[in-house]
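Note that chain A is present in both complexes that follow, paired respectively with chain B and with chain C.
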Partner chain A sequence: MKHRITLSIGPATFRIGSAWPDPIRELKHLYADYPAPADDFADFTVRLEPAGALRRWLRPSIFITGDHGLADAAPMSLPHGLLAAEMGMNLQMALGWRRHLLLHASSVEKNGRVLVMTGESGSGKSTLAAQLGERGWRLMGDEFALLDLATGVVLPFPRLVSLKNRAIGVMAAEVPAERMGPLMAGTAKGDIRHMVPRAEAVARMDEGASPALLLFPRFGHAPDIRSVGHGETFMRLTQASTNYVALGEPGFTALTRFVKTVPAKAIDFPSGNEAIAMVERLWEQRA
Partner chain B sequence: MVLLYHRPSGQTHMVISPVPEILAALKDSAPASAQILYERLSRLYDLGPADTALAEIEGHLVNMTALGLIRTAA
Partner chain C sequence: MNALPLVCALREPGTVAAFGAEQWNMLIAMARAERLIGTLAVRIGDMPVPEAVRFVLADARLDAEREARQALWEADRAAVALKPLGLRVVLLKGTAYAAARLKAGEGRFIGDLDILVPRNAMAEVEKYLMAAGWEWVKADPYDDAYYRQWMHELPPMIHQERDRMIDVHHTILPLTARQTPDAGAMIADAISVTGGLYVLSPEDRICHAVAHLLADGDLAGGLRNLWDIYCLLGEVDAGALETRAGRHGLSRHVRQARRLADALYGEGRRRLTPWDRIVIARLLARDGWGRETRKGLRFAFYLRSHWLRMPPMMLARHLFTKWRKGHRPV
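Then we have the complex of A and B:
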């Protein structure tokens, strides 16, 4: 394609092509401090193509495609091109990654141990990880945690943090402007703004660590903490994984080990600050 | 609760008592009837009245066969 970039994020390398220069220019800017890929071999290709013959120029409309695509995905407008590229990369990981058990979860690390947080969209897992990443934790990823099948180690996937709606103001207030991407208003998920993780998170993106605590956060409720049993944890993690079934027995073995060795808690919280205090307390108390 | 990975189908099964106990009683042994399983299990557990327990074991064996976890011996 006319405009292209190759990006390595954790263990995955993406080749992204676009019919328009803008999405690639924005990616180059925001991923400027990520290490260059070792070679030109990519795991996945993402293509941002015009949704129709004239749609390159006339009301430009992006169709996301690549090695893996969704046939009925709605086209996106050109000002949302950066989001389209990020969605394209997520789609490749969700549908095509087989080297690790992929959990739809955020993760942060401290002193060589990992806190994994999983939940529905809007649960606060992404914002919480972003905030912890600015408060002495290493952000490993806001979207996918990669569980190594042989060792049980969680590997980072520190792509740009995708902030939505209220989370944008929260993070913009504490992160330097140069780490914030353009505001994309009125997307299908509301307002979206990307944030570049701290330099340490990017520099250590090949460095995994053992999981020590699993949380199921839920934003917008009165504070509450409850233990989650093995059965429920296993069920919820299979639902949070896009490749559990595809991996077969190694996925089963990795997930059962995770459930047996990592304590799990559900936490409800009314605000980000309370969530951080609860998380820090649980982290100190963990067995 | 016990998790089982079923190799032939690639499916994960979550089973609760008494299924894991019945499977353990079948493990590493020749085909066994419900009566034999009842005798093996009653040495380890208090199963209550024999006819009720036997009917229950038979019911579980039918369900486990339907799931493909066990099969009837030829």
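Then we have the complex of A and C:
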């Protein structure tokens, strides 16, 4: 394709092609400080194509696809091209990644141990990870945590952090402007703005660590903490994994070990600041 | 750019030895798009390839193994559900190749479960499958009626718990097609495999694959289907195949399939007709990003698939009904 870039994020490399220069230019800018891929072998191809015969020029509209795609994916407008590229990469990981158990979760690391947070969209796991990443933790990823099948280590996938709606203002207030991407207003998920993780998080993107605590955060409720049993944790993590079924027995073994060795808590919180205090306290108290 | 590098790699895996990164990227994108990545991975086997590629191919092999396992389990579930009927349940396509451990099944992508049962047992089969948890996918009454009146299979069903589709065939081409293969003979001559299940005889497997590729459909997934045929051809006697193809009214199609398989995956010794060359151009219409190319040619084959399936007036009525419902091709 005419416009292209190759990006490595954690263990995965993407070849991204686009019918338009704009999304590639934005990716180049925001991924400028990521380590260049060792070579140009890609695990996945992502394509940003015109959504119809005239849609390259006339009211340009992007259809996101690639090695793996969804036939009924909604087209996106060209000003949202950066988001389209990120969604294209996520789609490949969600549908095609087989080398680790993929959990739809954010993760941060401190002193060689990992805190994993999982929950529905809007639970606050992404924002919480982004905030912790600015407060002495290493951000490992805001979207996917990769659980190694053999060792049980969690590996980072520190793509750009995708901030939504209110989280944009929260992070923009404490992060230098050059780490923030363009504001994309009125997407299907509301306003979106990407944030480049801190340099250390990017530099150490190949470095995994053992999981020490699993949280199920829930934003917008009175503060509450409760333990979550093995059975419930297991079920919720199978739902949070896009490749648990595809991996078969190794996936089951890895997830069982994770559930048995990592304590799990559900936390409700009314605000970000309270959440951070609760998380830090739980982290200190963990077994 | 077309899919020739993929065809060459399947025919002679040694051709990939000198590939650079971009050539690999293109090959892998094409193979994924044509659902031949597992087959390619098996063909390349233990040949030395760059480490990044080795990971991709290993993933593809694992995916194919899992798919075969799931497909055989699904076949087993159908066999159990239909056991009280005491009839021959004949596996078709990918599941059959996996069950019979054929070369065509090595690394093959397997989608739905396809079975062939006698036409007069269709109502009972439907009833027993529904009792075992399968349910209808299509809610559209026109589509449902169309399947039941004109197609060679029941409308697709999906299992409510396992989320896997089953296609129940009573013959191998739509009833409106010009050829009328002898499904009764196919079932009578089927070969028993494990667990009360059957597969078609070696000759009938080819007749079915050829009918599917050349007498029906628009050649979508054609490179994969032709690879099946190429592998299956290695297991039959040419004379026996010709006789059998004649019985099903598919002689011309089988002869063309032999030429195409030889041209793309074999030694390329057979003379090609102009029509063969057009079909090959369609089969190879894929670029190094995995995109479909040659939109006009693709559309022509799409039109042809409808032309093959039904007489003109019926086609006109069908297309008008679909168009009113908002269906647009390509």
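The rule we apply is simple: the second predicted complex is superposed on the first by the 287 of 287 C-alpha atoms of A that agree within 3 Å, B and C clash if a C-alpha of one lies under 4 Å from a C-alpha of the other, contacts with A are read in each partner's own complex, and residues count from 1 in each chain.
Throughout what follows, contacts are C-beta pairs under 8 Å (C-beta built on N, C-alpha and C of every residue); 3 or more make two chains touch, one makes a residue touch a chain.
Since the structure is predicted, the reported quantities are computational estimates derived from the model, not experimental observations.
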Contacts of A:17 with chain B and chain C, given as first, second, both or neither: second
Which of chain B and chain C A:256 touches, first, second, both or neither: first
Partner with the higher number of touched chain A residues, chain C or chain B: C
Touching partner for A:248 - first (chain B), second (chain C), both, neither: both
First, second, both or neither for A:67, with chain B first and chain C second: second
Which superposed partner A:80 touches (first chain B, second chain C, both, neither): neither
Contacts of A:231 with chain B and chain C, given as first, second, both or neither: first
Chain B versus chain C as contact partner of A:99, first or second or both or neither: second
Shared contact residues on chain A - chain B and chain C: 248
Residues on chain C engaged by chain A in the complex (per definition of touch): 21-22, 24-25, 28-29, 32-33, 50, 52-53, 55-56, 59, 62-63, 66, 69, 289-291
Partner chain A, residues of chain B touching it in the complex: 1, 3, 5, 7, 10, 12, 14
Chain A residues touching chain C - in the complex, by the definition given at the top: 1, 13, 15, 17, 39-43, 45, 47, 49, 66-68, 96, 98-99, 246, 248
In the complex, chain A residues that touch chain B: 230-231, 234-235, 238, 245, 248-249, 252-253, 256
